[in-house]
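Following this line, the structures themselves.
Here chain A shows up in two complexes: once beside chain B, once beside chain C.
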Partner chain A sequence: MGSGVSLWEKLENIDVRIIYLILWIVILWPFIYPIGLPVSIGSYAISYAKTIDELPPDSMVVVSFDFSLGSLGELYPIVVATMHHLFTKPIKIAIIAIWVDGPIVANMVLDELKPEAPPYNKKYGVDWIFLGYVPGGETAMAALGKDFWSTLPLDYIYKKPVSEYPIMQKLRSAADVTLLVSFETGTPGADEWVRQWYVPYKVPMIVGCIGVMAPTIVPYVAGGQVKGMLPGLRAAAEYELIIGRKGLGVASADALSTSHMVVIIFVIIGNISYIARRRVK
Partner chain B sequence: MSWLKRVEIPIAITIICALIQIIPYFVNLGVDVENFQSKFVSWSLVVGTGALLVGAISLLLIHVPRVTHRRQYWEYSLLLMIFMFIMALLGLPISEIGLGLRNYWFTFLYNNVLTPLSASMYGIIAFYITSAAYRAFKARSLEAGLLLLAGSILVFRNAPLGTFLIPASADIGDWIFNIPNMAVNRAIMIGGGLGAMILGIRTLIGYERGYLRGGGE
Partner chain C sequence: MSVELFGVFLGVFFTLAIYTFLYRENPYSRIAEYVFIGAATGYGIAYDLDWLRSQWTGTWSKTTGDSIAFILALLLSLLWYFRFSRKYFFLYRIPLSITVGTTIGLALRSVVFAQVLEQVRATAALTVVGVDAWTAFNNLVTIAIVVCTLLYFTFTVSQTAAPWKPVNKFARYSMMVGFGSAYGYTVLTRMSVFIGRVQFLLGVPPNPVEAKMMFPWVALFMLATMLGYDYYKKSKK
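This part shows the complex of A and B:
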């Protein structure tokens, strides 16, 4: 009996370094040797993609980069896939950032996709524009909603007055926006956009966010303010499959599976040893 | 000039600024009032940007004494200040001498120091979560057991392998996510909204004075 107690105690107190090492291996392994597990597609990814697919030609879409560099691993696949999807549509795209790191990430995506080159062939200032960072959080959202030209008088790339660009002739306030796309990790984010853009101007939005934010955004999905949501890496993989462009999301899906299973296995070990030890006592 | 220190002045400014924002939201008072309201929003952006300078000064007030008195971990404080000054200097909008956001070294440090460090910090959470789940996620009571069950189903739902092994975990996970989770989050949102309204009203009528030098009523 004594040895039994010792075993349960050992199982309940596994060295944290062993846990870290196992997790490290199961995350890295699928990147080196992909397993290719099937990814079933959920309703959130379908409605997210459908919202973009159903945009009428010449729609004005504002894309806001509202996240810090820390969440790049989880959000970048969503950002790349969404921007690719948007650039393939005959729509107008204005890129802004409410978070200070936003322009850096936007630059990374634009460098990767190159919207002016094939297959997109989008012309800067006509089909898309990069307006840069607006400080002020929710106040900035309100200011943009009222007047783009005075809140962001110069574009981010060429530092020219926005009034000189043809695309900006169709974008004076939030009332001109057909869809808002927000990539976000926290506050200011969906809550603030809904308050400042949906309530007064009825601008619908879709949200790409980190997984932990999803529970707070889902009430807006049910309420109709948010038309689609991509929460985390799994949703990114689903979305990549829908639009037919496999990228980082699909590549990370196996690692996501193995790491989640390790969590489950350790939770089971922890509980079995806890219950067994209580019974022995 | 002692009247300048009277507490009624900032309260009056707060009330006037708040009313300028609130009244035109509910009542159409014409273009002039709307323009004036927009100007106020722009002013607040400028004030908010100015607060960054206050933040930098505050940071120095904390870290300079730490370095000069060689307190514990003073080396980190020194590193922080060195990089703060380097980034601020490189990012100065003087393109004539090569400075600014497009400066090579500014971009290099941002992309190759800050970006990987931030991503690493976030990535490390996965290790802590696994360890914490193993140690703390235990069925110690009925409530903890229910939480454990719901959490495990959602973990299964979030992993492609989970829904592959147990297809029902997708539907059950969606139900947990869309029904109980949403109900609770709505309750929190409504509670938070009511709280914000009450705080706003208390501030408007001058009862809430926490923002004045951190003082109470």
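This part shows the complex of A and C:
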């Protein structure tokens, strides 16, 4: 018994650098030799995809990039899959950013998808527009909700007055918006959008967010203010499977599973060790 | 080396430099940390100024009222920089109070509807009849958790009587499950960030494939210098 407890003690006090090294290996390994572990699809991803699928033709969708580049690994697969899904629909899309890094990510995804080329064939200014960054956080959200034209007088790409674009004739305030799509990592984010766009204008929204934000958004899903959410990389994989476009999310699924297995194993070891040491005492 | 390649090299270097912190604090991780903070701050300021220039050039001077409002806003925003002055620090409080006041004012008008009433309505609408068994069970658990947790935080009555004990225990376990779930999502986020960087280092499309070539060399160089330095320090002792 004594030697057993000593082993558990050793395991409990294992050098964290060894755990980091193990994590490096189990995350790198599936990218070199994919395992193909199964991915089950949850209700959040289904309702997220369904909300986009059920958009009536010519709906006005505002997509807001509300996150920093630090979350690119987790959010980029969600962003690419969602933008692909949106561009395949006969709807109008206005892209904005409440976070200063937003336009960088928006440009990345637009460069990758090329909405004006096949299979999307969307015309800039008619089917979609990039309005760029609006500083001010919640104040900017409120101002945009009240009047898009005066808050963002010029578009982001050509710096032309927004009033000259056909798409903007149908977008004067949040009252004209059918759906808000927000990709986000924190504040300002869902809380602020719900306060400034859902309460006064009843604009429903869907959210792609980092996993750590999920517990703060779930109450809005339960309340019906948020119609669907994709929390983190795992949800990105589920969503990619639903829309039939495998990307970085599915590619990461194995690494996500193996890394979590390591965490679970160490949590179990830590607990057994704790219980074993308590019994000895 | 082209500009693109140099960009990829910087990406590989800074990614690995940040992760060397896991070994121990070292000059690589320090450089990466300071460069990141400096670049992010500089980018934010430059981007805000660019927005001001690109969106408002030719617009702010259309009417006298617009011009006055624009100049006043600019002057007020300059007061933020008195944060760095001990003597005139009080001036920094003016834009701060305006920002905080405006944001709170905007939030207060709708916070009760957005973050209280809708959730109360959704919880009150939960039913255990006329739904499938699994949904009924879920709803029952949700109702029990909400009621018990709210009772747990009822401090205006003494909670010493016997019936409070199981209620408080259930509430405490419920909250622990909630916190555990939140922690699980935190782990998911940390892993995802790391996976994103691994994808970059391995050149998984759409990441640049050149990163895959640079990754082992930069990693080896950093490892060799850090281990070499440690060995040198040990041998000196």
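Everything that follows uses one rule, which is that the second predicted complex is superposed on the first by the 276 of 281 C-alpha atoms of A that agree within 3 Å, B and C clash if a C-alpha of one lies under 4 Å from a C-alpha of the other, contacts with A are read in each partner's own complex, and residues count from 1 in each chain.
In the analysis below, a residue touches a chain if its C-beta (ideal position, glycine included) is under 8 Å from a C-beta of that chain, and two chains touch if they have at least 3 such contacts.
What you see is a predicted model, and the numbers here were worked out from it, not measured in a lab.
Colleague: Figure out whether A:215 sits in contact with chain B (first) or chain C (second), or with both, or with neither.
Modeller: Touch status of A:215: both partners.
Colleague: Tell me which partner A:182 touches in the superposition: chain B (first), chain C (second), both or neither.
Modeller: neither
Colleague: Output check: A:64 vs chain B and chain C. Expected answer is one of first, second, both, neither. What do you get?
Modeller: In the superposition, A:64 contacts neither chain B nor chain C.
Colleague: If we overlay the two complexes on their shared chain A, which of chain B and chain C does A:14 touch? Say first, second, both or neither.
Modeller: In the superposition, A:14 contacts chain B only.
Colleague: Would you sort A:37 into first (chain B), second (chain C), both or neither based on which partner it touches?
Modeller: The answer is first: A:37 touches chain B but not chain C.
Colleague: With both complexes overlaid on chain A, does A:154 touch chain B (first), chain C (second), both or neither?
Modeller: Only chain C is touched by A:154; chain B is not.
Colleague: Applying the touch criterion given at the start, work out whether A:82 contacts chain B, chain C, both or neither, answering first, second, both or neither.
Modeller: neither
Colleague: Which partner chains sit in contact with A:274 here, chain B, chain C, both or neither? Use first/second/both/neither.
Modeller: Touch status of A:274: first partner only.
Colleague: Shared contact residues on chain A for chain B and chain C?
Modeller: In chain A, positions 16, 20, 23, 27, 70-74, 134-135, 137, 139, 142, 200, 211, 214-215, 219, 222, 232, 234, 256, 259-260, 263 sit in both the chain B and chain C interfaces.
Colleague: Provide the residue numbers of chain A that touch chain B in the complex, in ascending order.
Modeller: 14, 16, 19-20, 23-24, 27, 37-40, 42-43, 68-74, 103-104, 134-137, 139-140, 142-143, 146-147, 150-151, 200, 211, 214-216, 218-219, 222, 232, 234, 237, 253-254, 256-264, 266-267, 269-271, 274-275
Colleague: Please output the residues of chain C touching chain A within their complex, sorted ascending.
Modeller: Residues in contact with chain A: 22-23, 43-44, 47-48, 51, 54-56, 59, 102-103, 106-107, 110-111, 113-115, 118-119, 121-123, 178, 181-182, 185-189, 191-200, 202, 204, 206.
Colleague: For the complex, which residues does chain A have touching chain C?
Modeller: Residues of chain A touching chain C: 16-17, 20, 23, 27-28, 31-32, 70-74, 76, 100-101, 112, 132-135, 137-139, 142, 152-154, 159, 191-192, 194-196, 198-200, 210-215, 219-220, 222-225, 231-234, 248, 251-252, 255-256, 259-260, 263.
Colleague: Of all residues in chain B, which touch chain A in the complex?
Modeller: That would be residues 25, 34, 38, 41-42, 44-45, 48-49, 52, 101, 110-111, 114-115, 118-119, 121-123, 126-127, 129-131, 133-135, 137-140, 148, 152, 155-156, 158-164, 167, 170, 174, 177-178, 181-182, 185-186, 189 of chain B.
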